[in-house]
C-alpha cells in the first residue's frame, strides 16, 4: 500500500520523482468540512506508463472524483504519485484500477471513481471506468465530459 | 457571518472593494415569486484569491445555483462579495465551500449548490462540487456544463 | 392577464409592435393531437427588456418548452408578445417568470418550463429556470443545451 | 394509412418521388433479431414541406428513434416517404406527429419517438418531441444531441 | 454628426438612454500611445434596431475594430450610442455603415472596420462588412471569428 | 435572364412560390452607400433542387457574398428566387454557378462569389466555389467558415 | 461462434487479416480485478463491411462498452476480429448486433452494449444501439458521446 | 493510367466494386462552365486501403479540390474509383499522391490538390498535402478545415 | 523600466508577489538558438488588474508572442511580473501596451506582439492587439485563435 | 547527430525504447515522388521529457510538417526517436528546436517546421514555432490548427 503522511510533507519542498508507485507517498490534509458530502475532481492530462509486454510508453488522460471523509489528498503529492508510473509497466485496465485503489486505501473516502482515457493503440483507444460503489446520497456528481475518441475527419 | 441588508443598499451607489469576505455585505431583495420553486444561476468567471501557503494568486470559474425562498441576492452585492476574496488566502476546497455557506447563511434558500472550477496548478486542476442536500422536488436543474479541463492538443 | 384569441387573428396580418405585455395578445390554435403528450420548444434569441432601476436595456436568450393540452400558441403572436417587453422594465427573475405565467394562463398547458439566459451585467450573467411542476409521465424532454457562459479565453 | 410492403420492393429499383405522404409506400424487412430490445436511429437532415397557410417552403432536421418488433423499415423507402412531404402543407407540430404515427402504423414497433427540429420563422425555431410512451425496459436510448438554436454571435 | 466630448463626461454618471443616434454623444479619451499603430476591438452582442418598413425589431451582433489616432472612444459612451438605435428604423446595410461612419467622424481613427452579423429574417441572415480602406502597414488584425450561420442540425 | 424590378415590389406583399428560376423576379433597392466598397453576405441553409437524372431531391447550404455597386438585392425577393429551384433539375456545379450568374446579371455588382455546400450523395458531398474574379482592392472579405463534412465519429 | 483463446496468442505475433468473422479468433486475458464491477470501452472508428445487396462498402464508427466478468478481451485480437468484416456482407442492424453477440459469447461479460454509428446512405445515416439488458448495479456508465449526424451547414 | 469515359457510363447502372485502381474507370462529364475558373471539392471520409508491408487495413479521410477545365468527374465513378483501393497495398504518402495523379491524368484540370488525413498508427497520424502547383489566378480556395488530430482529453 | 537579471534568479526560489509592475523583475536566460528566427508564445489566462477610475477588478486573457534575439524570458519570472498588476490601476488599452513595452525593453527581441482579451464591461468586451512592427521574414506566426466573445445563446 | 539508416530497419522488428535522443536512430525510406513538392505532417500528442532543473516530467503535443526531398522518415522510427526524450532533460524552447534540427540533419528535406505545444507550468503554457525558412514555392501548407490554451470556463 502507498505510504501516506498526515499533514503536507511534500508541499513547498523539493521532491524527487518517485521511482515507482510502490515508492511514492501521498500527503493527507485534514478535510476542513468533514461533515459535508461533496466532490473533489482532479484532472490529470499528463499521465504516462509503460506497456508491460513491449516496454513502449502508454499515455492516458486520467480523471479522479472523490467525496472526502476525514482526509483530503494534497495535490502536489498526488502529482508525484501519478508521475511515479512513468517507468511502471501495467495493462490499461489494471493500471487505472490500481490508482483508484491506492487512493481509496490512503484516503478512506466516502466514495471515489476514476476514468482512464487511454490513447489509441492499433487505432482503438480503451477507456476504463470504475467506482467504489453507488454514489452517496446527496452527492452532486457532474459527468466527466471527456470527449469521445473520433479518429479523423 | 457575512452581513446582509434587506433591500438593495449597494445598487446604484459607488462601492469600494471590500477588504475581505468578513467585511463584505450582501444585499437581499424580496423574492417576487416566493411560492414558486425555481432556480437562479450566477456564473462568475472572474474570481481570484490567494494560496494560503505561498501567497500566490489562484483563479477560479465559479457557478452558483440556488432556489430562492424569501430572498434573492442582489447581483451587484454578490459581485462585490466575490471580489472580496482577492486578498484572502484559502485552499480551493475550503474557499469554494465558504462561499456557498455564506450565501446559505445570508439567503436561507430552499436549496443551493456551487461548482468551483479552479485553474491548474502542477498541471492538475481541481474542481469542487457541493450542494446543501438533495434538490427540492419539482426544481428544474440543468447541469452547469463547464467544459472539462483538457491539457493541450 | 394577457388577452387571447381562439384562432389565429394575427397570422397573415400586419401587426404593430404591442406597447407592453399588458397590451399584447396571444393567438391560440386548436391542438391537432390533443390526446398526445408531446413537447413543443420555442427558442427566442432576440429578447430585450429594460432594467427597472436604470432604464438601460437588458438582453436575454429565452427557451420555452411546453406540453400542449387543448391549445397551441401561434408563433407569430408569440413573437409579438415577446417583442412587447422591449419597453418594459423588470428584474431578470421576475421577467422570466412572468412570461411563463402569462403563457400558462393563456394556454392552460399540461406542463411548461422556461429558461431565461440573460447577458452578463458586472461580468456575471444570471440564468433563471422555472417549470410548472414535475413533468408529466411519458413526456420526452431533452435538455435545452444552451452553452454555459464562459467569460474569455 | 401509408401502404406497406413486406419485403423490399423499392430497394434496387428506380423509384419516382411520391406525390404526397398518402401515396408513399414503406417497405418492411423482417427484423433479424426480433427477440432483442434495441434501438434504430435515422437522422434525416434533408426534410422539406410547405406552410399550409402561405405555401412557402419549410425545412426541418428530423431524427427518428425506434425499437423494432417484427419489422424493420427499409431505409430507401423511408427516404422516399420523407421526400413525399415536399409538396405537402402542414403545421410543424402536425407534420412531425404525422410522420411518427405513419411509422407506428406501418411498423408496429415496440416503441418510437421523433424529434423535429424546424428552421426559424420570425427568428424563432420550433422543435417538436413526441414518443409513443415511456421507453421499454432495458432499451438503451442515447439523447439525440441536436444542437440548440443560438441565433448569431 | 454625432456630438463628441473630449474627456469622459458619461463615465461614472447616470446617463439616460439616448432617444436616437442623432441625440447620442460619444466621449473621447486621449490615446495614451498615440505613436503606436494598434487595434482596439469592441464586441457588442446586444444590438437592436427597428425595421424601417414594418417597425418590427431587428437584432445584430456587432464587432468594431479600429486603430486609434489621437483619440480612444470611452466604452460606456459607446454602449449608450449603440443603445440609441433601439427605436431607430434602418435597413441592415445602412445601419451597419452608419455606425461605422459616425465613429470615423467622431474619432478620426487611422483605420476602422465593422462587421454587422444580423439575425435571420425569412430564414436568411445578412452580414455586412465594411472598412475605411486597406489596413495600415504594420497593424495586427486578427479575423473577427464570428461563427457562420448554420440553420439547424 | 431573371427579371428584376428597381424598387421593392415583393416586400410586404403576398407572393406565390415561383415555378422555376426562369419565372422568379429579383427586386433591387438603391445602394445607400454607392461610393463605398463593402461586402454583403447572405446565408441560405434552406435550399433544395432536383437531380436532373433521377428526379430525386438535392439539398444545399448556399452562401453568397457580394460587393454592391448601384443596387442591393432585396432579401425577400432573393428568398423567393432561391425557392424557385425547388422543382428545377440541375447538377450541383451547374446549379451553383447559375445562381451566381443570375445575381450578377441582375445586380451588376462590383464583385460576387458563391459557395455551394451540397449534402452527400454516395457518401461524398460536393462543394462548389466560384467568384467573378479577384476581389476588389480594399474589400474586407472574411472566409465563409462553413464546417467541412466529416462523416461520422 | 467465434473461436477464443484463453491467453494472448495474437499479441506480439504477426497475424494475417481473417477472411471473415467466422474465421477470426478472440484472445482472452484473465480479468485482474474480477470482483470489481467496472466498464471497459473500445472505440473503433475504422470499421468497414459490405452491403449484402449491392456489394458496395459500408463504413461505421463502433463503440463497445462492457463490464468484464472472468475475462478481458485482448485488444489486438479485437482489432483483427473487427477487421474480418471487411469482406463480409450484412445489413447495418444485423452486423452491429452480431459483433455484440460474438463478444458476449466469447467473454461472458457481466454486461455489454454496442453503438454502431453508420455513415449515411441516401443522405440518412443509421445508428444502432443494443445492450444485453439493464446495466448492473453500481456500474459507472458514461454516455458514448458520439456527435449526432448533422448534414451540412 | 486509369481508363476514362467521356460521358457518364456508370451513373444509373449497377456497377461492381473494381478490384484495384488499375481496373477502375472514371466517367467524365463536359464542364458546363468551361470558361470559368472555379473550384469543386469532394470530401471522401470513407476510404480504406491496405498496408503494403503488413497487409493490415489503413483508413483515411480524403479531400480533393480541383478547378475543372474541359471535364468534370462524375461523382459515382469517383466513388467507385476510391473504393478500388480497398484491396490495394500502398504507403500513405504514395497512395495519396497516386489518387491525385490519376485524377490529373483523367481530367486534365486547370489545377488540383489533395489532402489525405490518415488515421493514427503507433499513436501518430500522417497527413499528406499535394497540389499540382500554385493555384490559378482568381480561383477562390477555402482551406479544407479538417480538424487536427488531438489524441485524448 | 522593469529590472532584469541575466540568469534565472527567481526560478527555484520562493518569491513574493511583487507589489506593482515597477517592483517586478524579469529573469533572462540566454537564447540557446540565437541564430534562428523562431516564435515563443505564452498564454496567460490568469490576469487581473484594477480599473483606474472605480478601483474595481478587471480580468483579461493575455497572449504574448515573441521572436527572441539574445535572451529568452524565464517563465516563472514572467508569471510573477504579470501577477504584479493585481493591485495596479490602468485602462485596458494602456495596460496591454505597457506589458508589451516592458517585455520589449527587457528582452530586446527581434519582434513581439500582444493580444489582450478583456472580460466584458457593460456587456461589451475590449480586445487590444499590438505588435512591434511587421513580423520578421521567415518567422512562422500562427494566429492566436482566442474565440471571439459571443454573449449568450 | 542522430544516426540514420537508409531503408527501414526498425519496421516490423521488436525495438527497445532508446535511452536518449543521442542513441535513437531514424530510418529513411526513399521518397516515391522525389520530383514533387508536397507536405507530410506528423502529429505526436504523446510526448514527454524532463525539466532540466527540477527533473519533473514535462509534456507536449508536437506537430511536424516537412516537404521531403530524397528521403521520407519511416514513422515507427520517428515514434521511437520521439520516445527517446522520455528521460532527457531540456528546456521547452531548446527541446523543440533540437527535434527539428535532428530531423533536418537526417532527412535533408526541402523544408521543415515544428510546433511544440507544451502543457502549462505555473498556469502558463509555452508554444514554440520554428521553420527552416520561408516555405518553398508551390507548397500547400495548411495551418496546424492546434487549439489555443484557454484556462477554465
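Every chain is named by a letter (A, B, C, D, E, F, G, H, I and J) in the order it is written, and numbering of its residues begins at 1.
In this section, a contact is a pair of C-beta atoms (placed from the backbone, for glycine too) under 8 Å apart; a residue touches a chain by one contact, two chains touch by 3 or more.
The shown structure was predicted, so the numbers you read here are calculated from the model rather than taken from an experiment.
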Moving step by step between touching chains, how few steps can get you from chain E to chain G? 1
Check C-E against F-H and say which one is joined by more contacting C-beta pairs. F-H
Which chain has its C-alpha centroid farthest away from the centroid of chain G? E
Find the geometric centre of each of chain B and chain F from their Cα atoms only, then give the gap between the two centres in Å, rounded to an integer. 50
Between chain F and chain G, the Cα-mean centres are separated in Å by 45
Dist(centroid_CA(chain A), centroid_CA(chain I)) in Å evaluates to 34
So the centre of each chain is just the mean of its C-alpha atoms; given that, what is the distance between chain B and chain H in Å? 55
For chain J, which residues are shared contacts with two or more other chains? 45-46, 54, 59, 61, 119-121, 123, 125, 143-144, 146-147, 149-153
Each pair of chains that touches is included here, namely A-B, A-F, A-G, A-H, A-J, B-C, B-H, B-I, B-J, C-D, C-E, C-I, C-J, D-E, D-F, D-G, D-I, E-F, E-G, E-I, F-G, F-H, G-H, H-J, I-J
The answer for chain B against chain J in the complex is residues 45, 59-61, 117-121, 123, 125, 146, 149, 151-153
Would you tell me which residues of chain E are touching chain C in their complex? 14, 16-17, 45-46, 48, 54-57, 59, 83, 86, 119
Within their complex, state which residues of chain I touch chain J. 11-12, 29, 31-33, 36, 38-46, 61, 63, 68, 72, 75-76, 78-79, 137-138, 140-146
Under the stated contact criterion, what part of chain G meets chain E in this complex? 150-151, 153
Along chain F, where are the residues that touch chain H in the complex? 53-54, 91, 93-94, 97, 113, 115, 120-131, 133-134, 143-144, 147-152
